[in-house]
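Heads up, the next two complexes both have chain A, just with different partners, chain B and then chain C.
And now, the complex of A and B:
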């Protein structure tokens, strides 16, 4: 080719393998019986993806999580497993829990328990052809709808649950949304949860999978919390080390609503957990904490946008990360206070402990404030474990490895100890201990 | 100044002119033709009798600039700039290369008098004892006068305009120009490289502590001109220099462009202290006019134990886009950034710093105080980057914002990148308003609410004010009062 031809050639977008996989997934059109409204949403979403591709480092929100580079492939969708295989994969239910089980992206009502009074659950797959119940619950937040991962979820969502907790219902049992991956499959889950006025409920999400399968999960939860209602939400993500896990929690808080949220991230090669919270009623409270454990070459991103749209909102965020090996942790937190949101009280803290020289921590705590009578602040730190503390413990006869473990537990403890439900707190602690044991074993070997 | 007189002055300032530097001086100027193409670049270079290598350097920058796009990531909003509708060179006529003050247009001297710049040494000497500052005055595009040269010469310090340095000390200029802010650094820095007209040059030889503060006053006077000054400061091994920069512009309806580049190089054990009081015309009450201040400032601690300290008081400009940075390359080098950014009216500020830790045991400190009033938006945007090899790096960052009024915004966008476990990085930021209790207390003691706000704000920014050289601190304190006029009540 003559040189001039090269110079004038139109720049062509080079698609990554993962982008090609996603577009193939779309073209293969698995049986979709969507309502017209849902079909329109999907078409718009895939058109956006076709144009922009996966978000990369030049997209500000993905500056530190370049999915063009990080996401190598996207596996195909899975067919429905037979009930017995699903039952085996899911294992027994925990005590005091009502389970909603998903296997490889499919809801398994047969494995799910009897619902408490005042709680209704519908399968999204059954609703998609109608769309009416869902219509008003999809697309809660404009910020969230513009997000590329939410866009992909909209394009490919196949199943999920629509949970409604009736007004004034205090649900004694925990409601557990469990997803089990059995192999290298992609799952696009969309849940809508409406907790009505003065109700109270504890919801736990668990994501598990085989140790070495490159499973792919993209889940979006749209949560609305009514006036005076309280939601405790705990998420445990302990997928295999080859997995990709993307999750988005979109929450809307009405007057005096309360969300108490905790997320553990201990699995997946590439993970991004997003929380988009919006205060639409006054005197609401949001508290969100996260503990992220990273080793090897894993990459985990916690992204948070808290939108104080009305006065008298309170938000508290505490994000803690422990980074080992050559892993990379990303925290992006943004508190927005709109012009009329006077008396907002927002505090955000992000702390990272780097256990090796090659570990990386990226922090971007943002404040965007348009109201003058507010108290907002954020703090961010990164560093290694305190040598003096370690020395003190060792001087008291505690071996070095154990001293490190103790200090890490204490560091994460501040985030974990605030989980209200004791059983869930114990589960999270057990997962952290398991991670630390694996670490100690790997070090010994 | 007696207290009564000062009060009278303050009251007058409130009534008469919101922006007291808003006068325009009628001086005949030598203008380059409007617009920008290669011939403009050649015109500027020829006007300054530049050597061939510099012309080539400019042309290279210009060609690269043509392929670049304006950055849009900052939180500022303004109509697109027509780069062809600007004059890129304006020099006061007939004063090319003044030998002494007597040759300078008296009108120009009166301008500086109005600005209160002590151009004449005797005036300085007659003033406060010890307040000896060497001044390089830049008018539109050209450096008109530099004071105290003989005394500086004795110490071996070179302080002159950059055009003069190109002629007299080409080896130094060639070695360091563009070595901190490369030609292709960003849109405005590249534009500056192509068309920079003048600016100051400082070289402090090894082991010399510069005997006095050095200072530059910039003023944009001519209509539709862009001011593209270029400052280059080199502190050789073990040297120390403190440099002050002040800026004003006349009041005009249209926006004027200011795109400067400042490069600092600190070698082993050297220290550079760079202070700015930026008071460009901010536009009128309705946001009309004002300066677009798109500046690239960067310091390079090139060798061990070098130290660079930026202090800025930003009260002017319609739009400020400025991130004085430190590259901490040498082991144990230090970077500091102290900033007060005040925005009122329709001003937009997007400012902050970058601390790039490359060497071992490097440390940096960022103290930023943002105050928003009126309908302004004030953003702190900063980067702390700890490189893999920056063992034991330390950073402390504190960004506080204060909001005055319901229509303004205060934003904080820090990026903190840690790639070394032995690093300790701490960042804290708060946003609050002036407490009613404090205001009430001050007013109950007989202060007007405006005075009370100025007092509280001065307390809020004290950490930064303390970093300024004495003479500047006093000026800055007054400027804060003036900038916040009309923000309460």
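And now, the complex of A and C:
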């Protein structure tokens, strides 16, 4: 019997281990006091998953990141750690930061700092039984709602924070959303952040865990930025090399709103970082940049959809990846300019450096432009480090490994150097340097 | 200091030999000019001495103070005192000139078992040398050679030479793309570095550079071999008569 006939006759009988694990998680989920609205959302989400399974290569958006093949298992949910264990795992807070700490998917208010004036934080776990506060903020865009990873997040979301920055508040301290995995546990986090008109805030997200733990994180952030408000957002993903990390940032920009976003991806066996941005007010600005560092057999996907729904929007996207070993980097970036979104100014660049012959980079930039008076462009490149530059550096006495390190830092610098917060910029740089040192040490060994 | 014996070189992926039995002996304090028509192998010689990986040495030997230069990577050669001033210095976006200079100097010091230079000492050294070459603060802060004019790039090469204090300086067509003022600044920079324990190999197509950097010896390179050697007067003869004799002779 031809293969196609088999597939038609038996569309999806075989479930992967990861799919079984997820359905098992659903069956054994702890009793929840969800509001009726939330329960309905969850049921619909798990029903979609039950039918479609994990997204695979025949799903357009997951063509290069086939989760049926890449995600082997999903670990169980963790119980709440006792406060002392959580405190030990979290470590001390950085200076100038108000920290919101999560350990294995649970919010730990006891480890979190005092909030600055004008900022309120509620725990999602406390809101789920009511649903009315959160209800407003679960109005995800159609793109996000259809996404299978967001669907899983909706089905399983257990905790998170709802942060509100009141109008006109300029928050001096950074707000840090920090997730620490202590072992092989799954965590489904859902955050909602509303930055009201003319407010300004810097938010940093950190995801870390033990070097060898097969932890699993699926997080969704819904960020709404009010008129004239400014948000600086930095994400550092440095989980262990057996981890799975899925993240989705859904952002809505009002008039003259500004989002300055940077993401570092330096951990996890399988990672996908999605950004779905929508311009709903005119004269808004989005800058999103990423630095992805890959080695071994890791797989990292950066997926971006920017929807210019109104005129006079400006977007800048700069994604840089450094790929060593047999690792694979995927970039999918789509800029949509709707018919009446005239005077849109969009520029997207995706550049990858391949450090070995076996390293792989997939670049899929797309422009969908329906307006006729716009400036939009994209550029995608993938190549080796320039041997001429390397020789020039070596001819001045710099050893090969150090020359490569300098060139890689320079390549990533363009994405990193524009992080406005100096301490965060230093921290990202330090993570990149640590990755490069590990690489140099592995090469020397 | 430098001894090149019967050097045969080809481009790694091709069969054609570019250097075909080149001999050269350079002693400390000497300035040797290597002149020759286009395609005679001048730049190849400079790259092979500096350790560019695209070439394959098929025969012969090169030693620096008795050590086998060909067995060393480019960075080891630099640490032992080899410096190539490039004909076309590359631009390195994202690496600040100062960062690069410091990384280079400290890498060489480390390779020689010396400690890292103190930052204030380094700053003083660079400022003083940069001043002599009319290199301003802005050029030091900018990424290496990015947006530099042809003359600025060549001055930057000489700055590196002055900071790194090599033993053997190889200048590859340093005069190309320079106007007369820039040529003067660059030549003065080079002349300031002349010393009894430092040697220069000056590769050039034209005699005019040698008006500024006076050589002790002039060699004519043709078809991968040194076909004639003499004193400074040989450069003048070449300027008057051109390379026609040598192109014809080897063909």
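Operating definition for what follows: the second predicted complex is superposed on the first by the 433 of 445 C-alpha atoms of A that agree within 3 Å, B and C clash if a C-alpha of one lies under 4 Å from a C-alpha of the other, contacts with A are read in each partner's own complex, and residues count from 1 in each chain.
As a convention for this text, contacts are C-beta pairs under 8 Å (C-beta built on N, C-alpha and C of every residue); 3 or more make two chains touch, one makes a residue touch a chain.
Keep in mind that what you see is a predicted model, and the values were worked out from it rather than measured.
In the superposed pair of complexes, A:391 makes contact with chain C only, with no contact to chain B. Once chain A of one complex is fitted onto chain A of the other, the partner contacts of A:413 are limited to chain C, with no touch recorded for chain B. Of the two partner chains, chain B is the only one that A:357 touches; chain C does not reach it. Ranking chain B and chain C by residues of chain A touched puts B first.
Of the two partner chains placed by superposition, only chain B is touched by A:380; chain C is not. Looking at the shared chain after the overlay, A:399 reaches chain C, while chain B stays out of its contact range.
Taken together, the two structures place no residue of chain A in contact with chain B in one case and with chain C in the other.
On chain A, the positions that touch chain C within their shared complex are 386-389, 391-400, 402-403, 406-407, 409-411, 413-414.
The touching residues of chain A, when paired with chain B in their complex, are 60, 63, 339, 352, 354-384.
If you check the complex, the residues on chain C that touch chain A are 50-53, 73-75, 77-79, 83-84, 86, 89-90, 92-95, 99-100, 103-105, 107-108, 111, 143, 160, 164. Contact residues on chain B toward chain A in their complex (touch as defined above): 73, 386, 388, 401, 403-433.
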